[in-house]
Every structure is written in structure tokens, then in C-alpha cells.
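One structure is given below, encoded as C-alpha cells.
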């Protein structure tokens, strides 16, 4: 039979402590998971070989809420499944708290998973579902019962302990799945799009609960989602993936405010991507000519050279409109559509050379904004530091 | 019935009557046979009052008793062995790609493809050729073979319908493969096993052609006995014993169906 | 998904487990089904022994016998249509039964598929139960009502429609009816599952584009249902052509089909090679039909 040296070593940790006092061996600042030069190829060697992941290097810190974000098919779920042991990596290595787990089956990893459709055992009650992992680890009966009770309280499911999953709502199943995965007190909790099966209202509520739960338990969460709003709202750090590669890793603010590539600028929130040419530089910034709109001065850390083609990314809410031109204003441009969004108004503008711009202005005239109707000629101002230069 | 909802765009005139006619056609002969089995008279055509006398007569007939016992033993053993074999095959062949998979599937379902009469004579020729003496054992062996696909199909359907992530979840929660099988897969498979067993059991009880070909002296099954009774034409005894078998297999079918449906909802 | 995160050694043991689970059933079916059929194939090319069994000498007499009769006097082969007629009757009876099943099943299955979920369940139960109930008993039940002094004739005579009982049993009509009766659920059930998947919006679209009900049914519903019709047709045709009980009991042993002819070769007449040859022909017929169906199914899957 297999030898699983690690299987019970981590299970001797202190029992679950909701106050976070006994943060089972995972001290902040420690590395929770380290992925090095990881690649995954399906059907390697055959004509239909498909490279799902390539050049993945990631360091996930202890106690962190870490999110893998990307469109469907980007490889985020594959990466999560490799961490969980459900798929085997093709190249590279994968360490969890310093231990190389690349070759370990799921049952030998100190990691638990919340599955997308929860995968609750339909023939077991809520209580038995939560107890399952602890029983498999051979914990004493009394310990199991105590931990299960703690878990039931933690996810507010005490009243439903003796129901079977069929008789629970989506949100309740979600909570049971969480409790079941948290009960063995894993070093790493993997969450595979756990909110996608819920409706909008519940999803927003569960976001808060999940975040609170992560703080309360001090367990490192690795969360997979395709929903950028979810990722920004919950995470300490986010890794954006596309086509099997990591595009950018950073805090939600970094990712949103400082996109490093067209993909990230476009995928996270909305962006106006404007092509331009550098006409002058000095040591703090550059002047960029945006054909048909005019010239914009920007401060940027990147080294630019005169004549270089660049793409500027500007968030729609960081653009102001005015009726009259003036110094530093771009345009004129024509309003060709106005969409009322409730909390804001979105203007679709068209400049010379078929350049399109989207501007989102908050309602209520906080900035004394005027309202424009389609056909109007307007001038555009970018907020300071709003345009980001994309070189990739 | 069909015209009651004129607004239903999907309805076509007359289809309801055909459906009703279809069910009447399927049930009328069975119902007539059953009703006349309670007829007191010796004639099977003239109704002369209700009575259970033919049932009493059938139940006290030692030949029928012996045939019924044979049938029940064969069906129980054949269904059990077939279910065990089919369980293994289904486990090996579900969610598992391997070379020769299609050939294995074709072999398992072969007994459904070969015409029954061919199976019957081929089994006879085989047993005679290898010098197996015909009797109880040969019937049993032949029954096990044709029961396998009937047990296999519901078990396989149940396995395929099972969420594969449940096994991943078990492994994630530190269950070994053996534990994942005994704690998760097997309990969830029970309805499939029971309905597979019941179907195999019904099919074994039902069989006449194959049994009669490979039977030897003293190994008469119930359908064989009834077929023998037919040589005297349809008698009240035939009616009574047939009705008993009808009721028995109908009950089994309903039990199998209920179990299968109950299983699907989880 | 099949990639398991397991060390190489346990992949090997996994393979061993798969083999261990699989081989017992395969072995049983191979020994008691594949080998017997292979023996039959060999026997069909041997000479018959006098009291059953075979003489190990190559001969195509088993197959020739289907077309020719050996003359008693000069041992020459004379064309004889007797067995060919039985073969033809088997095909014809099975084809007619299939057609009748189709005519009854299309409206029935369609009707069931358009009921509410609760009603559907009950209807499907009603159709499924006879499918599993003992075929011998069901055939006897049909004979019971078809007899000269059976309930149908009683009703007809009492109503004054006929003066003497109609002979409904012991003829080709009874056999045909018996085949329909035996295999009708085989047709209704696959058609039902095909109709259940039918997108009824297509029908609304047809009505919206001015189709009459009749045209909508024949030009929209039926063509879409073709794979289901083919599957159901074969599920009836294949067992019907090799049927034993219906011709034996309802035909009164007079009007034979190929199934009975085969049976007789191993019981009464005792000509094993001839019986084996007939079995091979029946199996080939069945196999051709099955392969044709599998190919069709593969093709429709590919196109759809």
C-alpha cells in the first residue's frame, strides 16, 4: 500500500479555536503555498495536447485570502485542483507549508476543498457530513462531536444538524460545505467558485460571511472565481489568469488601479483603451498624442521614448465632461448615446477617427456635472493619475 | 380526455383514445385471465360463481410446488451471482477509460443481443458437447449469464448518475480509496443494486425457452410446468397458476420501480 | 479528469483492481455464451448424426437444406420452398408487427409525453409493467381471450354480429397479434423518451408560420423523431423475428416461424447442423440490423 508519511502529522494540531488564538501552526508572514514553474499539459505527447497552465509561480502567504481570477478556461480551476491533489502537475513543484505535495494524493494533503456544487454526501445528515473528515483522520469520538458542534455554530446550522442535504436551501448547503471543509482544520482551504450556484442576493451575503469566516479562523483561503467584483470585494490578494498564464498578482487596489496589461485593464472593471504616440518625455513623465482627441500629459514610472506607440487605460468613472474646451481638455467629441444606470449616467462618446470613449458620471451633481443629450459636443478631462500606460 | 384542454397547442385529436386503447389492449387479456381464475366451474368460458377452489388445487399440487421451489431457488441464486458479477463490471467500467472497453461492454450486453432461441440451443449444444449432464446446474448457469446485463444496466446507470466529485470530496476529507468506496459509493449504489437484483430475479423467473432447452429430468421450472399443462388446453388450473405468477411479478416490478425512482431523487 | 494524483505504483494497482473486478463477468459470459455460439458456428458446417449431435465431417448441407430437399429416391437436390417460406413468414410477420406497433405507439407515446409529470409517471408504469410480466403467461392470456369460446367471440355472438365463432386463434392473425402484444412496450418506451426530449417550441413556431395541425405533426414532429422511430422499430423487429412463444402457443404449432424451426431441430427432428445453420442465419440477420442501427445512431449523433 501507499506510504503516506504526512497523513496524520498535521492532524495532531490543536483542536479548532474560533478566537484565532491557536492558529494552527500558520503564523502570519509564513508561506502557505508555493508554486514553482508549474505547468499542466493534458494529453501530453499526443496531437491533441492541450497546455492548461504554463510558467506558474505563486507565493500564497499564511492567513491570506487569496483569489485566482480569470475567465472560464483560463486554468484557474485546474490550478486549484492541482493544489487539492485532484490533478497531477506536469512540470514544476507545489509546496504547502514547506512540504512538497506534488506527488501526494488528496487524502494525504493538509488541504480541504469547498466544491463548486458542494458535493455534500446525499445519504448523510449535515452532522455526519461535517464529521466525515475528522472520522477519516481517526480522531476520538468526543473530539469529533465537539468540533462538529463548534462548526455547526460557526456556520449557524445547529438547527439543521439532522437534516439531509436534499432538504437544505442553496445557502445552507454552502454553509455545510464550508463547515465540512473547515472541520479538519486544514492548513489551506480551497474554494472552487463556491458562490456561483447561489442567486445574487445570497451571493452578496455569503461574500461577507466568507470573509468574516476567514478572519475568524485564520485559515489561508484560496478562492477561485470568474467574477471580478467578488474577487475585489473579498481578497487580500488576487492573481489574474488568462490562457494558462498569470497576468498579474496584487492587492485588489493594485489590480484595479494599476493594471499592467490590456487583458487585466479590460477584464477587471471597464476601461477606455486609447492608442497614442509619445511626443515628448522628461524625467517625471511624458506627453502622449491621442490622434483626434488632442494631447495628454502624464506622469508615469515607465521609461518611454519619443515616437513610441502606447495604449492608455482610463476608467470611465475617472473622466469628466464639460461643455467648453480649455487648457488640458481633450476633444471636442460627440455624445452619441446616453444610458441611465440609476446611480450613474453613462455617456458613449465618439471622437474623430471613430475613436470611442465611455464616461460614467455619478448622478446628483456631486461635481457639478451637467447632463448632456446625444448629439452634444463636449470636452473631456482625465483625472490626475487616471490614465495608465500599458506596455503589454 | 385529450379534448378537455383545447388550449393545449401540443394536443392532437384522437391521440388520447389511442393511448387509452393501447393500455386496454395490454391489460384486457391479463385481466380476463385473472378474473376467470376465480370461476367456480370446470369450464373456462362459462362463469358459474366466484371461488378459490382452483387456487387451492394449484397450491396443493406437489408437482407445482416443486417447480415453484426450483424456479425460486434458481432465480434467487442467479440474480445474486449476476448482481455481484455485474457490480464488479460496472465499477470497473464507469468513469474509467481502458483499452478494450468497448469490447468489454459488448461482451457484457451480448446476452441482450443474441436471439433467445439461439442462446437456448447454443447453451444446450455447449453443455452436451462438454459432457455436462443437463439439469438444475445447467439451468442455473444459463440463467446467471443472461441475468448479468439486466443487473448491470441499472447499477451502471446509478454509478454514472453519481456525482464524481463526491469521491473527490471523500478523498479530500482524508478517506482512503477503500473508505471512499464503503462509506460513499456503496451506500449510494444500494438502490441500483436492489433494482438490478430484482430485474435479474424477474427475468430469471420469466424465462421459459432457455430453461426448457437445458433442463434435465427433475429440474422443471414453473414456466416449464405451466407450458406442459397447456397440452391439455387452457384449464382452470392454468388460469389460477398464471394469475399467481402475474400478481407476483407485477408486485416485484412495482417494488423495483419505486426503489429506482426513490434513488433518482437523491 | 481521469488523471489521478497518484504515485505510479498505485496506478498499476488501480489497473489490477479494474481487471479483477471486470474479468469474472467477462469470463462467465465468454465461457457460457461466446464459446457456445462459436461451437454453433462450427456445427453448422458439419454433418448431422442420426440421433442428434454431429459427425465431424465438413458439409454445407445445413445451409443447402434451407433451399433444397434431398430426393428420397435418387439423392439429388430438388428446390424446395418450404423452409424459405418459413423464413419469409418470420420476416413478414415481424415487419407487420413492427408497423402495427409503430402505428399504435406514435400517438400513445406522444400523448404520454405531453401529460403532466404525475400523469406521465402513471402512464409509464402502465406501459412498463407488461414489459416485465412473464411473457409465457401473457401469451396464454391472449390465447385465452382469442379462443373460439373465449370472451371476444362470446361478445360478438351475444351482440349478434357473427353466428358462428370467428377462428381468431391458431393462425397467422393470432401470431401477428401475439407479436404486437408481446413487444408493444418495446416501441412505446423509446418513442416516449424521444418525444419527451422534443422541443415543443418547434410546434409553436410551425403554427405561427401557418401550418395546420396535420402538417405540423407530419412535417415537424415525425421527422425530428426519426432516430426514436428507428430505435423502437428495431427493438420490436429483432425479438419478433426470432420469437418462439407467440407462434408456438398462438399458432397452435401449425404455422411455424424460424424460432420454432430452430427449436425443433434440437428437440424433435434432431438435425443439429441444420438447426445451427438456421441459428447462424437468424443471428446474422439480427447482427446486420443492429450494426445498421448503431451506425445510424452514430451518424445522427455526429450531425446533430
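When the chains are written out, they are named A, B and C in that same order, and each has its own residue count from 1.
Keep this in mind: contacts are C-beta pairs under 8 Å (C-beta built on N, C-alpha and C of every residue); 3 or more make two chains touch, one makes a residue touch a chain.
Note that the coordinates shown come from a computational prediction; the quantities given were computed from them, not determined experimentally.
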Distance-to-centre winner among chains (Cα means, whole assembly as reference): B
Of B-C and A-B, whichever chain pair has more C-beta contact pairs: B-C
Approximate Å spacing (C-alpha centroids) for the pair chain A, chain C: 59
Distance from the mean Cα position of chain C to that of chain B, given in whole angstrom: 17
Separation of chain A from chain B, taking each centre as the mean of its C-alpha atoms, in whole Å: 55
Where chain A touches two or more other chains at once, by residue number: 85-86, 105-106
Partner chain B, residues of chain A touching it in the complex: 7, 11, 84-86, 105-107, 111-113, 115-117, 119-123, 132-133, 136-137, 166, 180-181, 184
Complex contacts: residues of chain C adjacent to chain B: 1-2, 15, 17-22, 24-26, 28-30, 32-37, 39-40, 43, 52-53, 104-105, 107-108, 110-112, 114, 121, 123, 125-130, 132-138, 140-145, 147, 149-151, 154, 181, 184-185, 188, 200, 203-204, 207, 213, 217, 238-239, 241-242, 244-245, 249, 259, 262-263, 265-267, 272, 275-276, 279, 282-283, 286-287, 290
Chain B to chain C touching residues, read off their complex: 2, 8-16, 18-19, 21-23, 25-30, 32-33, 36, 44-45, 85-86, 88-89, 91-93, 95-98, 104, 107-108, 110-111, 113-126, 128-129, 141-142, 144-145, 148, 152, 164, 199, 202, 205-206, 208-209, 213, 223, 226-227, 230, 234, 238-239, 242, 245-246, 249-250, 252-254, 257, 261
Residue ranges of chain B in contact with chain A within the complex: 163, 165-166, 168-176, 179, 183-184, 187-188, 265-266
